[in-house]
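Shared chain: chain A. Partners: chain B in the first complex, chain C in the second.
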Partner chain A sequence: MTKFKPGLVTAHLLTWLLLIVVIAPLLVVILGAFLNVSFLGLASEQWAARKGDGIFNHGWFAYVFHLYGSNILFSLLLAGLSVVIGAAISLPGAYILATCRWRGLRIFEEVVLLPLSIPGIAMSIGLIEAYITFRGQWWLILCGHILYTVPLMTRVLTNSLRSFDIARLELVAQSLGAGWWHRFVFVVVPNLRHSLIVGSLLVFAVSWGEFNVSYLLNTPLHQTYPAALYATFTANSFQVSSAATTIFLALIIPILFALQWLGGDEFTHVEQSA
Partner chain B sequence: MSSGGPRLFLLLPLFAVIAAFLLYPLGFLFRQSIGGTSGFDFESYKALFCDSYARAALIHSLLLSSLVAVSSTLVCLPSAWLFAHNLFPAQRVVRAIFTLPMSFSGIIMGFLTVIMLGRIGVVPQLAQKLFGHDYLSGSAYRLHGLVIAYLYFEIPRATLTLESSFRKFDRRLSLAARSLGANGWQRFSYVLLPLIWLPLLSTFAVTFSASLGSFGVALIVARRFSLLPLEIYQQIIGYGNPRLMSAMAITLVTIAFLVNYSVRLAGDRQQRVI
Partner chain C sequence: MLETIGLRKSYGSQLAVDDFSHRFAPGKITTILGPSGSGKSTVLGMIAGLLQPDRGRVELGGRDLTSISPERRDFGMVFQHYALFPHLNVQQNVEFGLRVRRLTRKRRAERARETLQMIRIEHLADRRIREISGGEQQRVALARAIAIRPKVLLMDEPLSALDARLREELRSELLRLLRDLAITTIYVTHDQIEAMTLGHEMIILNHGQVEQAGPPDELYLRPASLFVANFLGDSNVFAAESEEVSERLRLPFATINLQPNGHNSSPNEHSSRCWAMIRPESMELVPEGEADFAATVESATFLGNRLRLQLRAAGEKVIVDVENRCAVSPSAPVYVKVKGAEVATWPR
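Moving on to the complex of A and B:
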């Protein structure tokens, strides 16, 4: 490229600027979690990280784990269950949606994908109001997570099923005498392995970061990690909040990079996590 | 293909989840908003549009969402174009970084905004050091701070949505126009724009409905003015008016649905024309 193109240069500059805007706050948070910032003056909860006197300090993490360890475990449990249950529900559903040509199924598919595009808070309110008698049960939070993650998983799987000629493969298997159950288990599922991995990672990430349902349905006994993060942001010092956020990021960043490498662009369609 | 009849039961779990956690709660909310079992009226909707406080929240929400949607769509055009043509170095890493904010809960965005643009945020402090005046101090709590916070997670979403539609754009059309002597601006306005106005519109719809329902950011940051999701939240924790709250939630859902659906309809029509 020999000719100077002002438009191209501007586009590059703008992209770099966006990149800096995205990264800068994260860097501040991660630094805030590790650096000993006592040089800024006295901070609340300074005693919690007394162990390290150097410039690097990881005392905050122990403190955060001590405070919110149970929330982290609860969120991990929810995310794991969402993946398992989501896959168990979506896999057969997506198979039918992609292979049956009945017109009513198109409408049903639209309805299934609705949770991805309508405001999360409205659905959380709906869950709370409709199942008010179960409020405080931990599995109601799980139900909320499943409501978000099942459409996501279904979308990944139907997209994948439609991208190759599953009907032809099935016909081949059928001509060899395989019943529909055999075809499902030995033809359909193995072909979906990649999408299942992508979908599971997506579901895990979404469930791990989900705030709407978790926060509105939570109780002091069953609080998810994002809900605990909110408590941290409102009550704890900057360093403790930063350490807690860093723990959150430590789990989500590897997942996102893995998704990028596996080619899962479905994140653009998740609208609830905000 | 074999008849789908007996296999339809595979759809049952999916159907049960959607019916129990999506359709029933939304129906419940709607019934509650129009007055429950004993007769019905639209008083709560009237209140939503006439009561000055609720109406202000609704207008703020719509205003903020459209502002954020328009600006993120415009800001992201150049980056999306670069990504679509593989012109940016280390693109995979950059795209992975761009997907980061989408998985954050809104509260983390709120926290980051406060860190960067709060009263003693990083940006004002740097400005103080460099220019001697703490520009942008406390802007996190004003309208433009809120717009920036929302942009933080809409920029990635808009970039990736636009990128995927740019990728579908046939470059030969642009080359043909070029061989006919069209300059850059003509190629953009007569060839590219007529083809991409729809992706632009759908990016607008995606970002619009995401910010419309966003709740965590506003929960941390909004001080001066109210938003509809925040109003709903206030109603549910304050044991407010359940009818008004349901009406608010249903209104949010309806707006998001209409915006998304009309864009989809426009897209279908264009596809039929082509």
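Moving on to the complex of A and C:
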């Protein structure tokens, strides 16, 4: 017969309690997006739901897409471009960091990671002041996202390259007749496949959820979805805000699960270094 | 023929290799042996083109390769740590060099299968690298290097990461394979047995310089210097005096007949003082009447196939290897005869 262990039971109870405390706000928001009950908030936009009196209602989503569809698309575009441009910059950058042997490399690496420790507001002001002529251009927001995401991906790829001693593999490939291009395409990149996926997901998630830079650099024509989310909490009813938040989470949560599932070695190192 | 002419390489103020010149016999295995830091791997790196010499040349068939990049030299290389490509399976690893050489898919597969069969690991063709053992990984690394049919095969301590039993097993396989293939091979090792077993020729390096080069038996029996004598195998080295007229050698504890047969070089013209080297197996225990000297047993160590005796003769320590069933007891007196023909001497 299993012996009753009070300490273990208390630990279990505390864990569950903590989980409930963490998940409760999310659950309230998600339920708010589907329920049609007046105590959840002033339903001034009740007409938008189009379905009158039932308890469950998914009409809010259509309304959110109607209101913020262009912001969602703009954020998806920014996140996608951040991944592509980030990979194009980070891949050679990480390769240099992992293979070069010059003294200033450590300092250079710290400089690359610097944007992660600068507050978004400071970065935005810096971008506005430096490129005042281009203020209002959508790509200035993209620059802000890239400044934040490139260090993350560079770190993921550098850690990965160092973990399997790329210099040695390249040496072997060279002895087998492979020139630089062959080594990069057939040895370096295939060995980074896993890390590229992890890094891309990470960059996509960070860009999709980035608020500070986006909020300060956005224009009436180019507003990201998180900035719109802020607007919906200040201007729309709880149900509409909840639906908007649920759409936001619907993209971010699978990415976080995927990152966990893919194995978080590189991810963990990034978190530590950041 | 591969030839190195006056290769020199230093790292900062430290000289790693100095004036390394050698002609490597075509189709033969040359082993480079030396203690840690003697410059073995640096020599190999310069021959491979992975390191640029400060001075000197590497030539193949009269063509200067010194400024040619490693990938254009057509040399195969096997490293100590296998360094197999983790994203490829066994067959794809073997095909790598062939793919770089733009062989068709069919030719690549044929050549890879053929090479895997030669090394007797064709059953591993579809395995992932992480699914095979260390010994198998080293076989794959060898297959990968020879699949490209290199003009020269360079091996940098390929067995040193393996355990003793596996090392021995792979050594005999390598011997069979390398001698069958008849590729000019340069094999760097710090293991004397490996160097002597595999090499048609051996080069002994010390402080970046060649101490002696030649067939393994010659280096063992006729070491050109005290360093080679001490480094290669076990030896007893004594300060001695030679009696040129009578061809006798006066050791600190005995006088023996030298029986010159080429193993011993003639002492200095102006002096008869010399160093004498006697291998432990060049002495035997005999009855008192036939002995060159008497000694006392200090210890006896069982080495499996032989018994190693540590003797004391007139205050000098003498190591003698005898049959493993030989019955001796500590502090007992023994009588020793030196096989005069196997004594090597150098001027002192």
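One rule holds for everything that comes next: the second predicted complex is superposed on the first by the 242 of 274 C-alpha atoms of A that agree within 3 Å, B and C clash if a C-alpha of one lies under 4 Å from a C-alpha of the other, contacts with A are read in each partner's own complex, and residues count from 1 in each chain.
Definition applied: contacts are C-beta pairs under 8 Å (C-beta built on N, C-alpha and C of every residue); 3 or more make two chains touch, one makes a residue touch a chain.
Owing to the predicted nature of the structure, the values given are computational and were not obtained by experimental measurement.
Superposition model on chain A: chain B and chain C are shown accommodated side by side without a clash.
Residue contacts after overlaying the shared chain place A:N191 against chain C, while chain B stays out of touching range.
In the overlay built on the shared chain, the residue A:I118 is in contact with chain B alone; chain C does not reach it.
By the touch criterion defined above, A:V21 reaches chain B but does not reach chain C.
Set against each other, chain B and chain C differ in how many residues of chain A they touch, and the higher count belongs to B. In the overlay built on the shared chain, the residue A:H182 is in contact with chain C alone; chain B does not reach it.
Once chain A of one complex is fitted onto chain A of the other, the partner contacts of A:F164 are limited to chain C, with no touch recorded for chain B. Angle at chain A between chain B and chain C, computed from CA centres in the superposed arrangement: 90 degrees, to the nearest 10. Of the two partner chains placed around the shared chain by superposition, neither chain B nor chain C is touched by A:V84. Residue contacts after overlaying the shared chain place A:Q174 against chain B and chain C alike. By the touch criterion defined above, A:A250 reaches neither chain B nor chain C. Of all Cα pairs spanning chain B and chain C in the superposition, the closest are 7 Å apart. Within chain A, the residues touched by chain B in the first complex and by chain C in the second are 171, 174. Residue ranges of chain B in contact with chain A, taken from their complex: 1-2, 4, 6-8, 10-11, 13-15, 17-18, 20-26, 28-29, 32, 75-76, 78-79, 81-82, 87-88, 92-116, 122, 152-153, 155-157, 159-161, 164, 184, 206, 209-217, 219-220, 229, 232-233, 236, 242, 245-246, 249-250, 252-253, 256-257, 260. Listed in rising order, the residues of chain A touching chain B in the complex are 7-8, 10-12, 14-15, 18-19, 21-26, 28-29, 32, 88-90, 92-93, 95-97, 99-102, 108, 111-112, 114-115, 117-123, 125-131, 143-144, 146-147, 150, 154, 167, 170-171, 174, 180, 205-206, 208-212, 215-216, 226, 229-230, 233, 238, 241, 245, 248, 252-253, 255-257, 259-261, 265, 267-274. Those residues of chain A that touch chain C in the complex are listed here as 164-165, 168-169, 171-179, 182, 186-187, 190-191, 193. Here chain C touches chain A in the complex through residues 48, 50, 69-72, 74-77, 79, 81, 83, 85-88, 96-97, 99-101, 144-145, 148, 154, going by the rule given at the top.
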